[in-house]
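Two complexes follow with chain A in common, the first pairing it with chain B and the second with chain C.
Moving on to the complex of A and B:
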């Protein structure tokens, strides 16, 4: 351990003497900080806008007065997903999922307000947020600055001298790996602390933020070890640099794109446009006769003596439509979930992609969160319209709503998404396996590097 | 002698396992990307044909039903009769579509995120059910393999790999010292070695591009000229990066410095350029906030809904044929969903007209800024140019949006008189199908 520490300390001071250390910390610090500030500013602007939009929706319902209930049902309610503070750390795939759903009677609408819809140039497979920026940038800088960490010493003969003088190859490699990891983490931690602090102060739970941070540090740490391994195995510093750049490119761009393409080929999903069109046509064919009796009996059991017949008919149509939508959309929903899982599995081919997807899951900014929001929106749609129609049924001959009924509808809708931020943040998913796998690979790589260093003498 | 040196350098490069391996991977990936793009486009073309067939079948069925109604054979309820204008306005099937251009498979871009085919009807746009193109968000965030993007992003790496020996020798080698002693100057020696490799890079990019374009299996309507232009764009882009390498070779001495600088330029101007340009354009010329526009549209809609009775009365005073019927319905508290929806849409269009114009202007200014800033990156310039050939540019999408609005206006003209007057013609209303007109380039 003492020898490892000596080598690590020596490398560490060499990093800063040569300037590589300062460059890494400054470049990562500046770009990371700019990313955090930009994302925080964007979130701070968008979060109140979304809240205001949600409040406007609620206010317009609360101001409906004695509007005809069926008309109110087709006005609908726009359920707006709160802007999660986790975007300060990682935008995940949020820009590609809609954040507002129109809850309308017997219609299941697609989510709207998708950020990518308003981009002039939609950037695919690029880092979005602090986490991805660090996962891209630090490995690239490690490749550029540390490619010669072993190869340079081999080229100038100092490695052979050290090994033949009795320096243990294990200590050399482990010391260099420790120093490289230390530099990667030293560069990552300042912007992570800034971003993490802002995120936690605005609602992200501490364990989630800590897990995110750990995932990013593991991702860059694995690459730091790979840099040492490649540098030890390469014949020349230039070969080391070229190899590391190709590895970086493969891990950061090629593997994720290949995984996405392979997922679409292996697990295709039906066309959402066809499904929606079919669902709409099928709803027009429903007559709800069979279900009306069930609702009538239920209302009478609940003490409603003469339920409004139009309300009972609407309830029947609503429940039949909900069942129809559940059947019709099921292939699309399960297909998307299958694609998400498969992508997580294929991402294990790259530690960077694994860390990125795993951190999305931990923060609740990935697919799972979007699916949960859409499921909750549909659940809210059914619940609000059933509440509306039950209230209507109890009115007897009247068809006009009341402030109490509108308030109940608003509360039912909002209750479904109130805690969506906290509840959709979860585990790393299958991508977490990739990090475990790559940690083992890196450990194995250390042994390879030790062998190569040992041969230097 | 120069020719001998030229051939020798090419032979040396072709002996490099790294270069050969990389070239093989590039060509294979290009072929794969081309095939993926071709499948994507063929799928869309099939969907458009199916939609047209569905429209024709529905129209035929409606005409047959109308004949039977007139003959007295059947008497369906009004909401199932194609002769009832309101019922038919919902049941009629019409689609709008943006057909892919023949070489569209070469550059999918963000086409998979945009609606290319959706149902349209005479009613307000919020009643069009399937306008959004949905997919798994993480897959959408990554995108698939786009032939043009693949080659544009990989070209700098090709340059780097092909020029490895030249860059290494820039830092000094025995071979170079010997050549300089014999040849005179370092830069001259490098130039002699550089030119053949540059030529081979251009040939490799052309081969990869051609392999990709061939794998698209383009339709017969695909013109060779357009394909040649796409290849030309890819080759010109490669030439830019070769020039960058040449400049760095001239300016810097150490090989690792040249590599690092080239890699950094590739990262900034090749990979991150779209993000940086979009972010810069949003800072310099902020586009309208999607949330704000959405909120204002919604507020205008809600306001119009709250005044719907006034709107009905105002319309009734201008249309004597519809007036009586509408006012009677109001007096009897009847539900006038379809006519009021149309009047509400007109009112929203009126109240939001100025704001929408301003939003379009601001949006255009933002897109122009993006176009201007894109000039900093050869990758973005090449991509925009190729996208304009393959039909993925903003101009074509804007033309589509405009034509959709125009077709909607046409559908409304066909129906709205009947819908507001709550009457029906003697025959089934059959508006012509939508046909996209390519914008003048």
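Moving on to the complex of A and C:
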């Protein structure tokens, strides 16, 4: 075994002899498992409830009988977001968008997108979800239990003895860093395997879950290396502990909070009320004549002999309003995209915040997933209204619906929202760059630590 | 004559305006035991640190087995073993576990248990202590583990800094015998000490340091304990 392996094996053994290893694995294991069990329980309880609610909403439409089309359009329908299994691992940004959207065929509740800073762990004082718990807890335990990994040996003279006797400082530092990383990962992996297994078994795609897990491991691994660096550079074990606790506070609590506040100030987004008011004012100006003609021709080409003129007018207005609403989404989506990018950039100041945001993106619980739901909700509303009006147009002179029409409308709405869950893995965004940068910083820190250890004698 | 095991050539060490070692030259061959005597601040420890490569000479040169220590300290240290006043090892591990770790780390390869046990035996550590955690070891016992590490890595040069300080007479006597045996086995020993008695007992040559220079060289075989004491005191009373 080479010198690095000798040091790593010795250090690993020391962790468990002194108790630190057992404490870390047990505390993280217990809290991580409780988190997974809690989130899985919540999800498992929620999933059938959501499905039942969705069915109730659909039944409301299906039970309309021969209700007038226009009256039916005002009944409305809760489009319930399928409960994503990804929440077992991380709630990410799904938590803030709400779980249902109220759709009326020509009205919907305002988009409830909030600023992306509330998305992830970045704004929470207490972490929720396995990923944030691991990213919050493991660095804290590393600081508490491993702050003396080099500092203690400097204080008791064993480091000087080793270096004076010819032990290579490089091997000492790399061996300790490897052991510290190993301990962080050994603590993280059991609850991750449990949570990952449950998530994958319930629909989360394997690459997404694996990428999420890998990102969290990189985050805690970087912090483990930083612990070794600080311990090597500190004058005393107490100085090492204080410094590491301050670093933890800064990286886990302060930087994310400041990044979130700065994002809101530097990249504010228009309120949903403003967007809605602007959009409604614009809709009032719509004419729809040209669009009306286009829809009439299309229906006639499809074999509908005398399309209901009111229906055709409504379809035209809906088409134009849909185009308008798509444009009104743009400032909101652009604003949130800008916020998301700025937040990712500011999160670079902390490997923990970077890991959290990057893992959210990779798991598909980041901002983009929220956009997707809101966009699909709007698309579902438009499609629902269009389906309703097309059905109405085919009725000719009649204004009364039928069970077949309602079933068609419900199916259209559902089809637009299928598969909105964590199965769509996204990307790490700028936060991924933060992780790469911190890996390089940690590597550079190793060289500093080697210099300090070399001077220990 | 072959390459000396240790060759110090006009080594000087300055710390700012303070000159800790003002020009020390000495040679040591295999089997020799050289003791550096002198009060605190005479330059003994700094000289040892330059030999170990822990301090770079401001001028002059230090070579161990022909290796320039300043240029290749890692290679040089692998030929040496250092036993400081306090041998600091890992408390959570036993004597043999510490030996296994440090011997492998500084020697560059792992050792079989029987080899390690033979080293502990030769170092004089009692068998029932081998597998006890270090927290219960006395200073003398820790030093024996230090010697065992030197044996395990087959060190050619032993560098000792106040090794008998704080030891009871019996332990100090045991240690003296051990070092003599190692020297007779071919190792070279350079030792810094205040203990005139041990120096006379162990050394093949005694060097008295004052203000960073060697001011007197004694042959212990040709001197009595009284001679050594008078020579030492004479240096510091100025009655040379």
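The definition used in the following text is that the second predicted complex is superposed on the first by the 425 of 457 C-alpha atoms of A that agree within 3 Å, B and C clash if a C-alpha of one lies under 4 Å from a C-alpha of the other, contacts with A are read in each partner's own complex, and residues count from 1 in each chain.
Following the convention adopted for this analysis, contacts are C-beta pairs under 8 Å (C-beta built on N, C-alpha and C of every residue); 3 or more make two chains touch, one makes a residue touch a chain.
What you see is a predicted model, and the numbers here were worked out from it, not measured in a lab.
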Touching partner for A:157 - first (chain B), second (chain C), both, neither: second
Chain B versus chain C as contact partner of A:235, first or second or both or neither: neither
Partner chain(s) touched by A:261 [first = chain B, second = chain C, both, neither]: first
Greater chain A contact set [chain C / chain B]: B
Which superposed partner A:140 touches (first chain B, second chain C, both, neither): first
Set of chain A residues, in rising order, touched by both chain B and chain C: none
Chain B partner contacts - residues on chain A that touch it in the complex: 38, 46, 49-50, 52-53, 56-57, 60, 68, 70-71, 74-75, 78, 92-98, 100, 102, 107, 109-128, 140, 143-144, 147-148, 236-238, 241-242, 245-246, 249, 253, 256-261, 263-265, 269, 271-274, 276-277, 279-280, 284, 332, 336, 339-340, 343, 357, 360, 366-367, 370
Interfacial residue positions of chain C with respect to chain A in the complex: 52, 54, 74, 77-78, 80-82, 84, 86-93, 101-102, 104-106, 108, 110, 146, 149, 153
Chain C contact footprint on chain A (complex, rising order): 1, 3, 6-7, 10, 13-14, 17-18, 156-158, 160-162, 164-168, 171-172, 457
Chain B residues touching chain A - in the complex, by the definition given at the top: 18, 22, 32, 36, 47, 90-91, 109-110, 113, 115, 117-119, 126, 129-145, 153, 157, 160-161, 164, 167-168, 255-256, 259-260, 263-264, 267, 271-272, 274-275, 277-279, 281, 287, 289-292, 294-295, 298-299, 302, 305, 333, 335, 337, 366-367, 370, 374, 380, 394
